[in-house]
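Below, chain A partners chain B and then partners chain C, in two separate complexes.
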Partner chain A sequence: MKRGFSLLELCVSLGILSFVLLGIFGVFELGQSSFHFASLRQGLQSEARVAFYALGNDLRHSSFVTVTTVPRTVSVILPRQESRGNQTLDRDGLCTAGVENWESPGAIDIHSGFPNFDSFVVYYGTSEPEGRLIRQVVRPALVGPYPNAEFSLVNSMHDNPLANSSRVGVTRTLSKRLLSFRARRDNDSRLVVVLLRLRGMGGAKPGTGARADETFELTLKTYPENTYPRV
Partner chain B sequence: MRNWRRRGVALFVVLLVMFVLLTLLGAFVRVNNTNLNLLGLGLTRVQAEEACNSAVQYAWMRLDKEADWGSPGYFTSHSPHEVLGSRLECSGSGTTVTGKVNGTDMTFTIQLFNNLNNASPDEPNRVPKYAVRMSIEGRSGNARKHMEVVLRKRAFVDASAVAQLRMAVTNPQPMKWNIDSTDRQLNMVRSNGTLLGPNPGLGGGPSQIEFLRPAGTPAAAQGPFGSAWASDEITLGTTALSGNSAATTTAGVNTKGQFVPKTGGSYQIPDLKPEDLTGPTTERTLPGGTYSFLIAGTDVPAVPAQEAVAEVPAVEAQPEVGIPGEEGYQPAVEATPAVPGRAAVAAVDAYTQWNQSLVYTDPAGHVQVLASVPSGEGHGNDYTPVPLNRDVWVPLALDPATGARTDRSILANLKTCQIVVAPGIKAVVPSGDLRVDGQLGSGNLALGTRVEGAQQEEHDGHRGHRRRGRGNAQPEDEALAQPSSLEALDGNISIYGAATGWGAIVSHQKDISLRMRNALATDPDGGVALYAGGDVTMLSGRQSYGVDCSDATFLGLIYAKGNFLARANQQNLNIEGALVSKGAIDILEARNVNFKYNPDFLFDIIDTTSQTSATRLEQVSLSIR
Partner chain C sequence: MLAVGLLGLILLSVIALFHSLLASTSKSNDMTVATAMAQQRLNELVTQQPSYRATYGQDFPTDVLGQAVYAHDSQSTSTFYSQARPELLKDDGPAFGRTYYLEVQVFWNTPDANQVAANRHQQGAQSVKAGRVVYVPGS
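Right, the complex of A and B next:
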């Protein structure tokens, strides 16, 4: 004759099972939030890498004397940080000369050996709270081994990139999670220094329960290889 | 039965655990493999790029040593294999060089287009003059990188005027400062201190500064065609530009250039030593002292009036029409400058162009008359002016064998009041100063001019050939193309009148003083027109008897270890080449100042025959893909 489980046994076993399930779900939750958190970070990093690859490539092929920067700060209320009120962030503009097709026979000037700069590449951060990093190729009336005289806040740094003057080709949005973009010329070292900060928001941060709010920051120091004269 | 059931459960559990573990292991292996592949791919790409960089550095090093390295036929007359230490092995064939970095799988191939020794571009291979283009493929594993690099000979400086302390080009009266260049990409003036220039049209009125449009630039282009750099403030007219973006922008637009004040950095002005200079090697000694042309009489014939010569008008630039290679295509025509006419020479009642004596005062104060106009030829007791009917050439150089003044390499002409240095001769003043004084605007120096009766002497090597690198055609009058030079080893050089001709004036340690009536061109091989261990000073000449100071024109490098001062008295100062001062540059009261950067004069400034490096190269472009 078989005996059934007593109420006490059932309660104990259910209790144990609950603890086990809680543990399992806890681990699962931790794994899931870690996955999302890692994805968030990885996404930020890969966006930054894409932006930096493009920036580094354009700057490296350029000439220091053609690099111009437009400093700009915006005052915005960031999502999830409303309690901190307005925050001041750098959303600069950077413009440098470029050659659209390096493989064309006319890419190099036959008389001097210098690149035949035929366009300018513009990078800037938009002014929205969740900013975008825009890359555009522009061809103003005068292109050459000198700064783009038309590059300015008014002409070239609209939140709607299609409103920018002299643009040609495809406009690329390198990041939609831009926190700040700072570009400076260092006249002594002749380096262009770019600071890029991206901000990503996600679900709960693993282990803490707080909501994920990650910032990823990269600094790029590039010497434009086609700088002439070199000093 | 119960045991079998339990065994079945145990087996199931064991299999399940093994499955889970194997799945985990598989996933782990796969993730790691992917990571390793990604890492390896990134590594090989970096290595391929580094292989390209190694190739550039290797080729640069080889070209520094031998400018014809990798040119067609080079590897048939030189060993094609080279091993550098234990790391790099290279071999050349034709115009291709392959290399391997030992201990790695990094290799590279360089396709060379060497045009370093040619003064004209290699159009089919798209190589500029005095340059080499390298098409490099770097490999590592499966990764490949392609790099295109152009290196070219480095000019002595990169600006038409470079000042260490200050640059000031001013005139209270209307003036024009033109900044021009034969290099399409490089048109600059630099000051490591302040830069003071005339008004670029700030507040209205015409701009007194202009960066000229390079030849071949579209006529519609409005610049900037050049730039002015200053480590400190740039002041144009009375306006300081730093911190004044509106004025800086307006000045840039008006002058078709850009102004960069307070750069913070400092341009490294290359050091140039007298022993580095190239030039003629046949030396003749000219004793220092004062050489004076003195007037012997006062009643002299009148100079008749002469007609003015009309200006030859400029040809306007014509833009390119059509597409190259297609029917109806017309190439662009570069503008030609107007050739200025010559003003009429007014009649002068009494002009003592001749009628001279040459007096020499040595450093100890002893005076002797070296030559005088013979009696009856220009002055006589009867005061009847009789023009000279022949030149009077007085030998000034000391004969190397006897020490007497019999050598005819350096002569004085009483008719033209000139001291003339024969072509191919280096006139050396071993000690003391050299002053060529004169009256009425006389007391001239002529370099590299053919002299009747002067002996043409052989000089070493091929330096001095004016047209080296400009085609093989040598002029028939080769002797005329040989430059000469005048060098004072420890004293000053002062020329009262005009310094003209083909060559260089060099004061190793002290000053050079000239008047604003020079026309001195240098040899592109030598490059230096004036070299002073101290200051270079140009003052306006004395106006009398219709002889006025006039324009000063220099072709070549003017290098002053001290200051450069030109007080132009409303005349023009033209410099094509470069003006370099390790002190201050002050150009005052000039009507027009025309600077034209011409690196052709600046490629071979330093005589590198005694140094290990034969070529100074610089990278002018680079692309990677």
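Right, the complex of A and C next:
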């Protein structure tokens, strides 16, 4: 005679099955959060590298005299850090001056012998809590040796980059997860020092389950190679 | 029981796999920071070289510098140490100058600055190097 399962056997097997399922879903969740954190880290790293490369390239091709920095701090309440209240963050501005076409007859001022700077590459952090790092090429109508009477770095640092009153060229958002951007000129060493800090909001941290954020920072120290006289 | 045991083993392996995935991204971030730091230190040493002779009495300072950097976690910083190692390749005398192979090593995850270039289980080498041949003109 065929015998069925007793209630006790069913309960035990269902209990074992639920433990197994709990384990499987636990690992699934762990995998999901690990993947999320891994891609968040990689994303922050690649954004920082892109900004780092662009900044380094522009700074290297400029002269220390024509590099301008503007310190600016913003007081913001960061998402998911509301309990800490207002935090003061650096969102500076930095600009290098350049000449669009060196072969043009008007590239050099015939009276002074200095370049007629006609394009300015501006980097700045916007003032929103989750800031953006903007790179914008500004082409003022007035062209001439440095400093340019029409161009102002402070007036070029808009949260909406297209609100710039000067003629603008290529505008790129290098990062949408900017925490702080600090740019300083060191007059002794003639190095331009830039600290870039990005922040990404992560999900539950694998293992602990607590919600955690990731911060990634890089420091750039560049000597503008066109500086004269050289140190 | 055998099936449950096998399933348990598989789950453990998957956990270990994800753990190593996180560890690898963490190391990748550390290496990016360290590589950038080594390059910056090298740039700084090369551009500032003329001032070192008066300050340090040698062409390049070799002291270990530590810097706390946010490399991944927002709650804590990691300390990265950098040290320059100039290797004299050619000395043409005080009138002509010296040629160095200047190497900067950056290392991290060490308890103190004296324990250079630590290796850690399942992490491998925790240091990077950047180097350049530098000519220091004579006086």
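In this text, the second predicted complex is superposed on the first by the 194 of 231 C-alpha atoms of A that agree within 3 Å, B and C clash if a C-alpha of one lies under 4 Å from a C-alpha of the other, contacts with A are read in each partner's own complex, and residues count from 1 in each chain.
Here, a residue touches a chain if its C-beta (ideal position, glycine included) is under 8 Å from a C-beta of that chain, and two chains touch if they have at least 3 such contacts.
These numbers were taken from a predicted model, which means no experiment stands behind them.
Student: Tell me which partner A:Gly93 touches in the superposition: chain B (first), chain C (second), both or neither.
Tutor: So A:Gly93 meets neither chain B nor chain C here.
Student: Is A:Gly131 in contact with chain B, with chain C, with both, or with neither (first, second, both, neither)?
Tutor: A:Gly131 contacts neither chain B nor chain C.
Student: Between chain B (first) and chain C (second), which, if any, makes contact with A:Pro161: first, second, both or neither?
Tutor: neither
Student: Once chain A of both complexes is superposed, is A:Asp109 in touch with chain B (first), chain C (second), both, or neither?
Tutor: Only chain B; A:Asp109 stays clear of chain C.
Student: Looking at A:Arg199 after the superposition, I want to know if it touches chain B, chain C, both of them or none. Which is it: first, second, both, neither?
Tutor: Only chain C is touched by A:Arg199; chain B is not.
Student: Now for A:Pro147: first (chain B), second (chain C), both, or neither, which partner does it touch?
Tutor: A:Pro147 sits against chain B, while chain C stays out of touch.
Student: Touching A:Asn187, do we find chain B (first), chain C (second), both, or neither?
Tutor: first
Student: Residues of chain A that sit at the chain B interface in one complex and at the chain C interface in the other, please.
Tutor: 190, 231
Student: Taking the complex as given, what residues does chain A use to touch chain C?
Tutor: Touching chain C from chain A are residues 16, 20, 23-24, 27, 30-31, 34-35, 37-38, 41-42, 44-45, 48-49, 52, 189-191, 197, 199, 206, 212-223, 231.
Student: So in the complex, which bits of chain B are touching chain A?
Tutor: Against chain A, chain B makes touches at 121, 123, 126-129, 131, 133, 148, 150-152, 158, 183-186, 188, 216, 221-224, 227, 252, 258, 263-265, 267-268, 618-625.
Student: If you look only at chain C, which of its residues touch chain A in the complex?
Tutor: It comes out as residues 4, 7-8, 11, 14-15, 18-19, 21-22, 24-26, 28-29, 32-33, 36-37, 40, 43-44, 47-48, 50, 67, 69-75.
Student: Using the touch definition from the top, list the residues of chain A that touch chain B in their complex.
Tutor: Going through chain A, the ones touching chain B are 60-61, 65, 99, 102-103, 105, 107-115, 142, 144-147, 149, 187-188, 190, 225-226, 228-231.
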